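In order of appearance the chains are A, B, C and D, and numbering begins at 1 in each one.
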Amino acid sequence: MTRLPRWADLILTPLISLALAFAISAVVILAIGQDPWAALKTMVTGAVGSSYGWGYTLYYATNFIFTGLAVAVAAHAGLFNIGAEGQATLGGLGVALVCLALPWPHWALALPAAMLGGALFGAAWALIPAWLQAKRGSHVVITTIMFNFIAAALLNWVLVNVLRPPGSQDPATANFPAGTHLPTLSDMAGAIGVQWGKATPANVSFLIAIAACLLVWLLIWRTPLGYEIRAFGKSERAARYAGISPVRITVVAMLISGALAGLMAVNNVMGEAGRLVLNNVEGAGFIGIAVALMGRNHPLGIFLAALLFGFLYQGGAELALFSNIPRELITVIQALVILFTGALDNMVRMPLERLFGRRAG
Amino acid sequence: MTATDSVAGRHAAPETASVAPAIELRGISKAFGPVQANKDISMTVPRGTIHGIVGENGAGKSTLMSILYGFYRPDAGQILIGGRDAGITDSQSAIRAGIGMVFQHFKLVPNMTVLENVILGAEDSALLAPSLSRARGELRRLAEEYELQVDPDAVVETLSVGHQQRVEILKALYRHADILILDEPTGVLTPAEAEHLFRILRGLREQGKTIIVITHKLREVMEITDNVSVMRRGEMVATVRTADTSPEQLAELMVGRKVLLRVDKAPARPGAPVLEVVRLEMVDRTGVTRLRGVDLTVRAGEIVGIAGVSGNGQTQLMEILGGYAEPGARVTGAVRMNGADLPLTRTDAAARRRAGIGNIPEDRQVEGLIMDFSCWENTVFGHHRDPEYQSGPLMDNDRVRQRAERLIAQFDVRPANCHLAARNFSGGNQQKIVVAREIEEKPALLLVGQPTRGVDIGAIEFIHRRLIEMRDAGAAILLVSVELDEIMGLSDRIVVMFDGRIMGERQPDQTSAAELGMLMAGVEGGGIPPAQGQPRAHPDARPDLAKGIL
Amino acid sequence: AADPALIYDLGGKFDKSFNEAAYAGAEKWKAETGGTYKELEMQSEAQREQALRRLAETGANPIVMTGFAFAEVLKKVAPDYPDTRFVIIDSAVEGANVQSNLFADEQGSYLAGVMAGMATKTKTVGFIGGMDVPLIRNFACGYVQGVKSVDPAIKVLQNMTGTTPAAWNDPVKGGELAKAQKAQGADVIYAAAGGTGIGVLQAAADEGILSIGVDSNQNHLHPGKVLTSAIKRVDTAVYDAFKAGTEVEVGKTNIWDVAHDGVGVAMDDNNKPLVSDEMAKAVEDARAKIASGELKVVNYNTGNACPVQ
Amino acid sequence: MDYATVLQILDSALRLMTPLLLACLAGLFSERSGIFDIGLEGKMLIAAFAAGAAGALTGSVWLGLGAAVLASLALAAIHGMTAITFRGNQLISGVAINFLASGLTVLLGQSWFGLGGRTPALEGGARFATITLPGAEALRGVPVVGPLYAEVLSGHTLPVYVALALVPATWWLLYRTRFGLRLRAVGDNPASVDTAGVSVVRLRWAAVAITGVLCGLAGAYLAAGLSAGFVKEMTAGRGYIALAALIFANWMPWRALGATFLFGLMEAVANRYPEIDLGPVTIPSMFMSALPYILTVIILAGFIGRATPPRAGGEPYVKER
């Protein structure tokens, strides 16, 4: 088989796939009688045309970095974790419990504790599917889907029956104490004397997400555990031969994956809402799949892809605000991006290989 | 004058028969991406003959036959059946042209019955019932005519490989095949089963059918074929009459140079027992008993060879010793390493490595290597947790790479580029990477499974020499191979396994392939004394080959 | 002048119910004044804050939002935009630039209960709520009080559709619940369930029993088969706010009760054949008594419990 | 619990089972051919939308059904293209299809009807009519069996009966016909089919197409049978439940009936008893609504029976690497 040059494999293929996805999205916009060019302009100015737009774009991107990393770590172990959604949901619960447990004096104290809470709960939610996959061979794809539903029901029950303040109509927790409020990126810019944005939810979690990218990169490509995860992901038989326990790697990889998904809650629950509401994950777990696919499971790729999806999300919100195009357009674009970059990869790759093959010889 | 030159110009059909040849291939070429599997191949097979095809692994034999069967489409070339262009574009048209093929890896649906497998694709009508009853009668007839008995209602996965092969042959005959292609049919058979197969093939030839057999075993070629074609690196280098050639000449043709068909080694000087296996039993997760009380000792400085048809428990034995038995299996008995008991439950291949057990696995591509990892990453596979490759919590990749480069040079791995992914090396070089890794760790006990499967003769020589060197340096080596010749050439002691039991132990210089073959088939005590051998003039009676590696 | 803005809650603009009533109010203002307004539909809980901020940023004023779920977010956002006026419906939020609107849902439901109690022949009526929250329990509670005022022996079957916002939008489940209640003998079913209620009304019409709509006048959905609708003048609230524009009164809470025509039951041509004179009179009596304070309908939220079941 | 309640629950279970059963059988065809399909949800959703839209525009349930089947087939074609033609990842393709349906239905619905993704309510001929089975009224009086026949079996819409009839039909097709033999073979070992001279690609396309048709019917039933019109996300996870039922059923038709009936029954019971009061504890409604998912996990854990999927399932058939 003609192997594509590395750059073509890593950059050209996803870019062409992306272009195809956007081209078809434009057709969809035309089909509903709208102007794709105007839509694009709205999205671009809304998402990256102002510090306000950036604030939201980066906020969404932070969510997607966490879930994208979560999906990627599992993917390196050959596990398709569709459950980042549920794990992030539970992570939210963990963060909320930590934030509500104590009258935190300062966010710098609350943040590590909340991170731990979110990561633990997210990991715990990944544990059962992981264990079932490792021990009983239950397909992790199906079990994690089921666990998404169960997580939604569980959160619902907790919010309605346990954490809802008396008299409140809202299935939501009380507001977190002031000591848990994370500094936003604009606060931080302000602290170093730069006027940047205001009242946007992008917060210090964005830096944590970047750190997570770095750590995941180290984990996967520089540690023995990462070596084992990748080896197991390529061949379970070979892993066993090498003394890599499939049970251990499946469980560990899913725990790390779940923990990363759970960490997302630091951004959306602690950093943005300041309380735990229903459906706070907003599908970020599913977007994580697309992000990981587009980013080729590499932290740098994930970071870039998360920015793209953050842009789509924020641009989509602006679109809903300033045009007659419903927000669901974004769902369609996401679907097309997932389809072309993830599933129809070969459609782009095959002709490219032929092209490069001809050039090579 | 090279061997190739000596047979050049013999491409012409060995017999100029008045009737058109059954098969004529003209200028067949086929590339898989950059791999040119077949290059401008022409070949003629006269009607009613058995035609052998030999060649090293990867020479393109299977590809050529798959093209004949319409499974692959050739990039160029023409296929004539009975003198006419048969228009073979897919398997459907090949079947219509009267061609049947038994693939190296059977193409059966494991959870369907024999009957269903036979009619698949050759049903008479949209409803199954009539086809099934017709096939039942037809199978009965074929069974009687060709000694092809098999229970039509048995589910295929419950059949032995020998019977599965019969199903494949029946499939072809049911479709009225006049031309039958068999790809390495004896690799998985006991000598007795192989003998049975040859009887069937001769019977088919009597009926005027044309048969092509791909094989690696030169003695089989000598035994049953009328003509033989030799392939090398995608090209057809010669077609000769079997009666006019010899195994040595065929080997030369295959490799392109003279080959040494024997292993030179000094007598062993066994020391203290390193590995002791006591009454080892194993029941796998599906409840099948795989090992039935295996007793075995391997001493320092000796090579113990385990002969046996694959599937008789050797794999399970090696996996248990290596610490990676299939999860869910029940293992009892004892395994001692230098006198200390090794745990049998909660096994862990890493712990076994730390205990000094090295392991060259049976299947390098599925077990021994991660095909997508670079060569250098593969050179620490299984040893990646050794403290010497760590720096702090991270892996010391520079160090691993330096070591990999040294190993590549030492073991002559080609291409000498440690950054290439394992899958980009040929089979022989992949095996060298595994051997280098395991030998380099200087284990006290080395488990070796099928070390030369799919490896060319040059590499075989190299690997064999390394194993003997290790033995001479005092390592204990347990060798599993389905190649009797390899077992006989390398081992200091030979044990034969059948159905999870040790059938007996023999000294290599006091036994024969025939005797081992009987033991491998489960005949207690080996039956025939070595001196008598097989009644027919069997190639293994020749001393050079009995100790050889082909 | 700045355009007003309207944000709908999760059920969506066209839920034929609560949100649609708000939409109707805005459209009425638009038709009368020829003005334009911005509108936004919520897709998820987490978007609320962004929606509020974005609208405030773009200078919309006043910003009207439907649904109690905005309360918490509004508390946070309102102080950041002191020049913008916010109007929230179905919740009370304190703030110098916030106007709150509460509806006496229990009173409208009481009237609907009176009609149901009089219309039932099987002495069994049903209630199907949307999401299980105190707001909806208040609807149920008022309804039960009304039914029991006719005859304490009448049985009231109660089901909630769910506990997530999806419960506002599940007509299939609504239909099945209605069929289940019918099988248990109910012949009048009150649906306070947003979009889910459409399924309830549909199933009731299919099964040949009566239903009661909610929030908007839903009598026309199945003429002659919807007994009445417990309407809630969200449209008026929105209309008033839009009309007042940037001068909308803030720092106060409007109570929309029977006395202020904030809640009531819908009487029109569609349900005329179903409403006997006697029934009409009973409803009118109850209405008057509640308005005058003579009859006190218990609000579920005051004690977090309902006096009758 | 009295008999009338039991009947009512069974009646409701039968209705709620129908979309699950249709989707489950749809998945059975695809997965038996070796193509995993987690896009059942999306296909059902777009079919429901098409049925709602076409039904509302034309007033004919048959045109609605036709549109539903076509829409579902279109998504099935995308899946076939990725899984068969371009040998892509079938799971990812399924995820994408679910997203696509979820977005497109609202996008198109909003632009055509302006009802926020909802379609106008279907009335009269735009909905499936209920069918009274012969003798239902006459037999009603017969004790025990009579009401069972008249109330539970009779009085459903066409898709319910079609779904029930499809169970034996699928069994027959799978185990008694040439097509079925080949379909089972191609899911377990496509190479066996290929070397037998039968086109793997054609077989798999046929299976994927059948999946499309059945999902179309399931979606149409949701919009024009169970309810009267399309509402966004109205499939509400039924595609996933159908998938779980398929695993539970071990990819066999009769067991699919059992599994989907069980899930239908659970939903019916949860509707009827949103909270189950067990004296000291009350099982909350959230638990009841999550029960199918919990049960699926338990089933998958092998406590009830180990599932063995078609061996070649999920893997593209690649001849030349």
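Operating definition for what follows: a residue touches a chain if its C-beta (ideal position, glycine included) is under 8 Å from a C-beta of that chain, and two chains touch if they have at least 3 such contacts.
By chain, with names taken from UniProt: A, D = Sugar ABC transporter permease.
Bear in mind that the values here come from a model prediction, so they are computed numbers and not experimental data.
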Top chain pair, ranked by how many C-beta pairs fall in contact: A-D
Interchain centroid distance [CA atoms averaged], subunit B/subunit C, Å: 77
Between subunit A and subunit D, centroid-to-centroid distance (C-alpha), Å: 30
Distance from the mean Cα position of subunit D to that of subunit B, given in whole angstrom: 47
Gap in Å, rounded to a whole number, between the CA centres of subunit C and subunit A: 37
For subunit B, residues contacting two or more additional chains: 32
Per-residue overlap in subunit A, given as positions that touch at least 2 other chains: 1, 152, 156-157, 160, 326
Shared-contact residues (touching 2 or more other chains) in subunit D: 117, 286, 289, 321
Touch relationships between chains, expressed as pairs: A-B, A-C, A-D, B-D, C-D
Complex contact set, residues of subunit A against subunit B: 1-2, 218, 222-224, 227-228, 230-231, 234-235, 237-238, 240-247, 357
Contact set on subunit A toward subunit D in their complex: 1, 28, 31-33, 80, 82, 128-129, 132, 136-139, 141-143, 145-147, 149-150, 152-154, 156-157, 160-161, 286, 289, 293, 325-326, 328-336, 338-339, 342-347, 350
Interfacial residue positions of subunit B with respect to subunit A in the complex: 32-34, 322-324, 327, 348-353, 359, 361, 363, 366-373, 377, 381-382, 384-385, 390, 393-395, 397
Sites on subunit D touched by subunit A in the complex: 38, 78, 81-83, 86-93, 95-100, 102-108, 110-111, 117, 237, 240, 243-244, 247, 284, 286-287, 289-290, 293-294, 296-297, 300-302, 306, 321
Touch list for subunit D against partner subunit B, complex: 175-182, 184-185, 188-189, 191-199, 311, 319-321
